[in-house]
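Chain IDs A, B, C and D follow the sequence of writing; residue 1 opens each chain.
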Amino acid sequence: MLNIGIIGAGRIGKVHLESISYHVKNATVKAVADPFMNDETKAFTEGFGVTKIYTDYKKILADDEIDAVLVCSSTDTHASISVEAIEAGKHVFCEKPVDHSIAKIQAVADALAAHPGIKFQVGFNRRFDHNFAAIRKAYDEGKIGEAHILKITSRDPEPPNPAYIKVSGGIFLDMTIHDFDMACFLTNSDVEEVYVNSAVLVDPAIGEQGDVDTAIITMKMANGALAVIDNSRRAAYGYDQRAELFGSKGMVATANDTLSSAVVSDENGVTGEKPLFFFLERYMGSFSEEMRQFVAACENDTDVPVGIHAGMQSVKIGLAAKKSVAEHRPVALSEIM
Amino acid sequence: MLNIGIIGAGRIGKVHLESISYHVKNATVKAVADPFMNDETKAFTEGFGVTKIYTDYKKILADDEIDAVLVCSSTDTHASISVEAIEAGKHVFCEKPVDHSIAKIQAVADALAAHPGIKFQVGFNRRFDHNFAAIRKAYDEGKIGEAHILKITSRDPEPPNPAYIKVSGGIFLDMTIHDFDMACFLTNSDVEEVYVNSAVLVDPAIGEQGDVDTAIITMKMANGALAVIDNSRRAAYGYDQRAELFGSKGMVATANDTLSSAVVSDENGVTGEKPLFFFLERYMGSFSEEMRQFVAACENDTDVPVGIHAGMQSVKIGLAAKKSVAEHRPVALSEIM
Amino acid sequence: MLNIGIIGAGRIGKVHLESISYHVKNATVKAVADPFMNDETKAFTEGFGVTKIYTDYKKILADDEIDAVLVCSSTDTHASISVEAIEAGKHVFCEKPVDHSIAKIQAVADALAAHPGIKFQVGFNRRFDHNFAAIRKAYDEGKIGEAHILKITSRDPEPPNPAYIKVSGGIFLDMTIHDFDMACFLTNSDVEEVYVNSAVLVDPAIGEQGDVDTAIITMKMANGALAVIDNSRRAAYGYDQRAELFGSKGMVATANDTLSSAVVSDENGVTGEKPLFFFLERYMGSFSEEMRQFVAACENDTDVPVGIHAGMQSVKIGLAAKKSVAEHRPVALSEIM
Amino acid sequence: MLNIGIIGAGRIGKVHLESISYHVKNATVKAVADPFMNDETKAFTEGFGVTKIYTDYKKILADDEIDAVLVCSSTDTHASISVEAIEAGKHVFCEKPVDHSIAKIQAVADALAAHPGIKFQVGFNRRFDHNFAAIRKAYDEGKIGEAHILKITSRDPEPPNPAYIKVSGGIFLDMTIHDFDMACFLTNSDVEEVYVNSAVLVDPAIGEQGDVDTAIITMKMANGALAVIDNSRRAAYGYDQRAELFGSKGMVATANDTLSSAVVSDENGVTGEKPLFFFLERYMGSFSEEMRQFVAACENDTDVPVGIHAGMQSVKIGLAAKKSVAEHRPVALSEIM
């Protein structure tokens, strides 16, 4: 049984609390800390039998009963808390992105190198989605041969509010970072070069923050494949999350998930349901699965499925994308340091 | 080159004229006869280079230049004209149904037996539809093993006018007859027994004519398979023509055809096009193909793809279906004589 | 909080135990009884924190702490245990079928009439499936107008072993009973008449037990709609569970569920996944949902979603279907007493 | 009636001859010229009733009976023959690309400016494909709002032979040129900037010719939309021709066409047909339709649907794409002169 402390009880911290309680065997959440702990969150937390509820996360790090922590705090604290936790001998599950700074991610990597027994997993939950996992499985089984072209469509149902945009690090580090990791996952390869074609088409307020809301990102993968991601901050029909991997022997592609397969045929046409609304609906299963695999890695002392390398790659790609927009040219990942 | 005379220049006669002219090599329409020949039809016919235009079909039968005739006249004259044509030494393509009377169909069969060199094909064009032909091909190739369950959905976009209903012979001899032939074609088997579950749900005027407009017909096939057809005289979304054949190794199923594959995703859902409107749109390709195969059979002295046996079976099944409704019980085909 | 006792710890009893523990708030399983309780089942049960583990279900009925029982014992004991439980003042969730005998189901109905405060729900879980619920929702919202034709496809991936066939009551009371209930649910109507077209095509051993393994059942619904169910005990491609409801304004149809939406295109074609393997995979969500609604009805003293009428109807239809096969004719439900 | 002369009797010239004869009313092919006219081509041509068969196309230009010519000769002669034909007072249908040289296309444009009564249409047949036309129609009808992201997938079933690659002008002027025109057509906009991410992944022999065989091309459209095309010279599953247009109100997308809708479900999965093999199968309907519209424009003195501007744009985009590969940077269309 793995005893877990959750640091940060915002939306994603709550998702993990619920998910572990209902869907993960061999793990129990024993403690939750949040600097803004309020009555509502406290009640929610207690509802899952958690008794150690703090405002100061250091109490969790100091607790010998705790084996592992989930770092679900604000992005700017991910790296430093992770380092502290590693040094305190706790396994760490860290939400994405690890940080916006390469140096700070490197500090985490250094801490891990110094504590080889510690497990560190990054919260790229989409790797555990049934559809994307099926693409990778087909690729691993050789069904499509060598990878030639990867296409990822990733569009949100609605943009975040402008205040969030400001602190988000921009679309590439906030939203596309999932797709960057997915590109690496689906092709089983790192990225070598990035070029971005982008625009502000959804909301001028986003442009006023210095960000873009619509983008086509092309990449050269280290294994020779070409990749393209298309992003929009607003798809009128909902959360659009698809991918296709094309190779020497064929193609594997996935569609969106829907609440049901019901299709109505009437005088207006043949109409199926829209995609599941947003990430909590679409990826709920993947949140459980990533946690099950993290717990299993800690319990069995095996490799985590998404380590610090993936955390570093995705941020480097995001920074390269920002540089590509700024300098209007393809940017090699080796330029990002 | 096969020289063809068309007897009956109504809608289906015109379809064949156009189809042969555009899509069938090795055949030319030389003569067209219709008792109600008018200026419009005459102009249409001349537009395809036909010079022999008559009101009396007997002129076609007497014409030594004509090798084959298409019997596209009213149903009650199909059988007698077919017999005359056979006796005049012409190959015959006869529209469905051959007749509503078993005795009159038998007369055609007898005439054919007496003139073994004559080709006789029944106009069950749907056998040549790309979708239904693909089901039969999969079955013939053994992809689904032994046939267990056949399902045919056949729904019209709108009912015929009540006046037509009166002379149509009823839904089973008018509309379902195509599906009865399709059941035999797709399972490659005759029918042994029929039971009908029917109702008047579309239009009370149809019920007042003594007919039904909605029906589920189940059949036992001679090869052991079970079959079911569902019919409606009115599908709000258009012409619904699907089939699935389920067997010991799997299933093959087809969908409706549409004008394009375009799908619009918006806040209302994910909407594709309705089926092609009606039989002229959906089955246009099959009208050409049945004619090509008829011409080939005449030219090469090979078997026609749909002979008098199919013409007889389909009518027997239709009469059994009517008897099932009247007597509220399953009816064996052997009862129909 | 509803305290639950489970009577019968076979496969379905275990499904409910797990489902309530993980997915149903406001309910706790406090006791489990099974005459064949063994170490493995005991360990499984204890794993969910259940401390009262018995061989005699009467201990559950006598336990004042228990508010409701799930009757998951063998079919021949459903009715009598249900009556006992009702008389002991427990709410009852009873697995399907309630019994094979109309008289014994009537005894349950009588007990309920005598204890009006008691909730009684029948385990027709498929009503809570996301796909079938979406059909009913579309119908209730008027999207397809008046119901004209209902089609249900229900095929198992593999037949039960011959020993089970013997005690199962036959395909109609064992397998089709779910489809009979679904027909009533989807059309929101009772059944008036049944006709069965059936055969032994999957396994002669099934025929030797006096049962059939392939069937097409047509029904007249009380609201005028026609319905058809097609069954097979073995679909090579897996568990086939689809329905379509056709009406005056259009049609709503559902497809099978799959593990993922991944489609591989290669030189052999464009291939998607097979349906989810069997009922535990396909209907897992519906087991949770039926239990949530049962618990809510007990807690809030509201109507259960599937009551004794549905339990009675489905068995009457099953008995009518058996009679239709035996007597080779359509059978009115009013004949079944 | 429009009298047509075909210049160049290779594959595409023959397609037009057959297409006009079978599917285009109000037009007749009167003459065919080809410098390599042989017995086979002569027989094929005569089979359609053409009596004027030449090796020298100038005989067609000098023939007063001829109203319009189809320029189906080798690409390097398209522009000069077009100018000659315009000056001879013939309407011109010119195959794509008009030329590889901007100056030579400009010469055609100049000739047209000098002969305002002459119709000139470029052979971008895909604009008339039922699927792509449906995307544009949905866009024109406002169903997707403002265009934000256009995605075109265009993959051939097999690469041309290396000898052809050498004279083809490279993948962008030979294969992608259709997609460039499609991007302009579907967004109803010109292109402003092009960036290419490309590789040799299919066949090293293509790389040895200085060409690429796999590419992702991103573009900025003049109306603000972003566009991306992905190309491969070899898709193992066949000719992959899809597009999706995403906008402020939704998305419209199309799938590949297949020979039938038949889907086989068996123990291996649920398998539909591969796309239609190659452009002659997929786009046959569009060859007829482009010709019908060309004939209509000539007959009615209305605008042609694809004029010299489209011919110029597509080649400029192709040249910008080549420059982008050579210089490894985004290239503005204004740089191409």
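Please note the rule applied: a contact is a pair of C-beta atoms (placed from the backbone, for glycine too) under 8 Å apart; a residue touches a chain by one contact, two chains touch by 3 or more.
Values in this document were obtained by computation on a predicted structure and should not be read as measured data.
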Of B-D and A-D, pair with higher C-beta contact tally: A-D
Centroid comparison with chain B (C-alpha atoms), farthest chain: A
Rounded Å distance between chain A and chain D, as computed from the means of their C-alpha atoms: 42
Interchain centroid distance [CA atoms averaged], chain B/chain D, Å: 40
Chain B: positions in contact with at least two other chains: 235-237, 240, 249-251, 265-267, 273
Residue ranges of chain C touching chain A (in the complex, touch as defined): 22-23, 130-131, 133-135, 138, 143-144, 249-257, 259-267, 273
Residues of chain C that touch chain D when the two form their complex: 235-237, 240, 265-274
Contacting residues of chain C [partner chain B, same complex]: 145-146, 148-149, 151, 153, 155, 195, 197-199, 201-202, 214-216, 218-220, 224-228, 230, 232, 234-237, 240, 246, 248-251, 328-330
